[in-house]
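Both of the next two complexes hold chain A, though its partner changes from chain B to chain C.
Presenting the complex of A and B:
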């Protein structure tokens, strides 16, 4: 009897009996089966979870399974990176679990094999709204973090081109505009993520902020970042300086303390080449080119440096003046954006497959999230598949009130 | 007799169509959109009679808000209709789903943070909480204003089921609309009230208890009721 249960467990399609077993999970039965699984798959405690916590070791056999990101990593790496609904989920379930999916695995495999002395490759994650692009990006970033890279994560570039309360004319250049609040907020989060690099990297040039303030050559990057956080007025220029320093030094230094790899992660990259909703003082529309932050970020997207990778994801949700049905890189980036980003490696992010949906369903059952008695039956599951079309975000919103 | 009934049954559409009134001949039966068919043997004699009647009599048109899915809850639909303003059902339904989500999040968080011994006591099902909270808010006895000898007396009076349900829902909604801080969202206010009512605390349950006390105090006037 136990062997039958073991066999049905290792098969991806789950039978009613197994699910019943899994939910009840009485002590003695679990121990007995674990004793038998120890020879087969020691890491599989259940079908939808894996105990493999290191993203570098994730492979195709982990597809559809959830792995837990340690809370310390979430605090450090994602002070601003995770989607808001996912943050709520992490708070509710008391754990941050991400599903291992083929697009993220593809990205990580590319990152493992690339030669880092050449210019960086640009990867674009594209897919339908709510199909999991941002979370795949976060999974790849977690891999980079565990490998000790320096993470430059812009959680949503759309936030820099709309709803800006303070738009100051730039202190350094006459035709540019600064966004002090956004820049200082980003610098604070950057500091939290990359604490250990801040004292090791040194500036290569003297930066003058005002008549009395300047940062000398050879000072640690931490000082530059503090300058931006404390002095809001020059924070956008500080961001530009930080980006420039990192670009120059990414692969440059020889092995030793200074060597680090740079991961540039931008979500909503189509904001850089779209339109803004910000107005100048004479009520004309602002171009993205005229914003300091966007201008510096565009320079980062060019592959004239070496020693890292550029991971990006498109996003229609926060985009301006783009139709709801647009999801391809051509449509969302526009002509200018496409020409700038070319050549890039496109990675498609589809909706859940059968196995992944099954896994998500079991995860919600396990976390006591699906409460309605009908949603726990076979009929209810078919209804959920029909209503959500296996789209991850729609499924999440449906299960939230069921 | 049969002829007059048949005349009543003739499909008659008024020349002026009132948007908010759908007045059916009482001969028409209510629709039952659920899919499950209870087998013949389990029905009581009255229910068997009802089944017979359904094959003969005409049935009213189903509302567009009712589905055949078991996720459809008539009590929930009633509450959403009461919360709706200006016919904006989408907004009212959205508020209700957000309320259910908030309740569930709070309870599931509590569930995951509590030790294994206390987990059984935490109720996570938002539908169960909603039903129980509504039950806790329903008054058992009400007051009616009766005129006797030139004066009006508040007389304790029994309430029908529909009236009790209506009062409970009305009190919940007005409590959330009026007595809370104006900058909080409706779904937050509702979820707080529902969770409090589930635990038999909060302003709505207090209002029900005040009504009971008034009815108890006016017990002497009970004889003024003639119905």
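Presenting the complex of A and C:
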């Protein structure tokens, strides 16, 4: 069927050109109707966009199409979570559009069907460098957010094992090391994401920070977080405390005020079991075990709690001492990590398929991102396919200078 | 037999440049003979100053003697190699000499050669004036007598053609569509070749003037009268693409056509199997090309031949490459892909590819480090004291 692409409701300007394309596959009957309708049935569609904004309703029908995350959600949910290049793209295009892809859909379908009274399942997104693991994770997180879960998002665990300027010996435990800057930064972002839960959750135990400061039992979590943000010295311990509280209370009361589901999302989870580049004062290498943040996070990864899910993604890009060609879980996690993470549900994230590539290409065209006249022709498209081999990040970098 | 044999050997070993025995023939002997303009018809591309070589070093008898010795030596060589002396060509001579005297020298001109004396001894101008000092040629005092006499002849011919034109006009048979000289596939003689033809040095402006005059001759409608004269100054150009070796298309058991080709660049060697299967997968040394060549430039090199021919998504490439660095490996692969593509593509495309430079092997290699310098070009730090 030959179709015309028309202006979508998010763009005020109308495109000058019309493109014809042939859509294969069943179930893709699209109509070109001018005007907006907000009915559940998507009546106005460009081929690469869907008006279905709720991740919960995404299904295989929407594979390859872009949906927009409302700006309010982006600000709240992803103060630090999106990959930097994607953040630039959001800023440039003035909208945060994410492609619906099979790995994310798979994750969301699992999340819908799991029984939350059992211990959480661990999902690992793995794949080639730049194939879209982090963004799939973010898509799943958006779903969790819209469902009202509590989001515990560590955007990149690698940031906690390298390039740390201040490494203090822990105040509570003698053999551990604290990272105040990273911890307080993370607490700030955690606060922004989970504003509404902070007053509802209460601490179950008394925490003593210094001789004069302590947090009593039964205080709202918000106070704990503020404590960590204000007092940098004890922020890592605060993180540990927050994690412990959430773990204890996640599955807690099934009805009532305190009920919430916990989504633990860690990107670059292979950092937890790898090596660090941090050195102690006597110039010996630090083990990840000796870092408070890492230690607490590892405890989180164990599925001895209930009422949530653990979504993780591997990452070779920030990893230390791992070869560039490694992308499988057992290569990147190492033996220790693999043993710890087992059993898990692996979700593979491949490069773009034909349809997804087409969709991405059309999106860039629509946003006037491809300025070069040759890139708009069929020949140019074939060149792009060849040069990027349909890898999302390589394609994005390629189109950036076109 | 032995004497003639060693004479043959002597003529075989006569390399250009080693003619230390300069045969000085006294002028009195030549003065007694009839003044004949003796210009030997032989090539010497590396002898600069033909006209100012001074009095002739080799007399005609000497050259003739050399020619005889060469002929005899040629027959001896043919006997030595067990071939028929009658049909022994220059190529056979070269082959035999390379076999009998294998040389590891890099410069081809430094190796032993046995060629006709006309090619070895430089063309020389004979004595240009008679016993009383009067020059033979009327243009002797121009300094470049052959050049100016050539211009003079050319102009004569132009005038002759004009007269012919006038006659035709008078008869009423003047037409502009006469038989034209076919000039495609040939080029004018280069300045060096012209110098060697005239046995004297000419400047760039002189050369340009000569070519202009030739062009003027060719612009006249009845120039076909002087066709052989003009063609003496043209060299034939070979069509380069005929020389290309196109790899054979083979078919594997599934019926898919594929071709195999090699390529080299610096010290990288690549071997490619190009399959006509319809997908655009590229695998190099077992890895995806996106992993093997993270740099965009290398992937662009792989893209270039396919894009040029327009068959981007059609072929499957399976390659193996080794040696040198990533850029050289990409260049080697590119050459191999272009060569493999030749068998799937028409002749016109082959010529286009050749002109695009896809089929030329890049001859650049790492330059040798010289003693007394730090690298190939870099000198040691210069210290004033």
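We take it that the second predicted complex is superposed on the first by the 358 of 402 C-alpha atoms of A that agree within 3 Å, B and C clash if a C-alpha of one lies under 4 Å from a C-alpha of the other, contacts with A are read in each partner's own complex, and residues count from 1 in each chain.
Here is the rule we go by: contacts are C-beta pairs under 8 Å (C-beta built on N, C-alpha and C of every residue); 3 or more make two chains touch, one makes a residue touch a chain.
These numbers come from a predicted model, not from an experiment.
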item: Chain B versus chain C as contact partner of A:372, first or second or both or neither; value: first
item: First (chain B), second (chain C), both or neither touched by A:394; value: second
item: Chain B versus chain C as contact partner of A:325, first or second or both or neither; value: second
item: Which of chain B and chain C A:383 touches, first, second, both or neither; value: both
item: Chain B versus chain C as contact partner of A:93, first or second or both or neither; value: first
item: Which partner, chain B or chain C, touches more chain A residues; value: B
item: Chain B and chain C footprints on chain A, overlapping residues; value: 379, 383
item: Contacting residues of chain A [partner chain B, same complex]; value: 88, 91-94, 367-369, 371-372, 374-375, 379-380, 383, 400-402
item: Contact footprint of chain A on chain B as seen in their complex; value: 69-71, 97-98, 100-101, 104-105, 108-109, 111-113, 124-128
item: Complex contact set, residues of chain A against chain C; value: 324-325, 379, 382-383, 385-389, 391, 394, 398
item: Chain C residues touching chain A - in the complex, by the definition given at the top; value: 280, 282, 287-291, 294, 296, 299-300, 302-303, 306-307, 310, 312-313
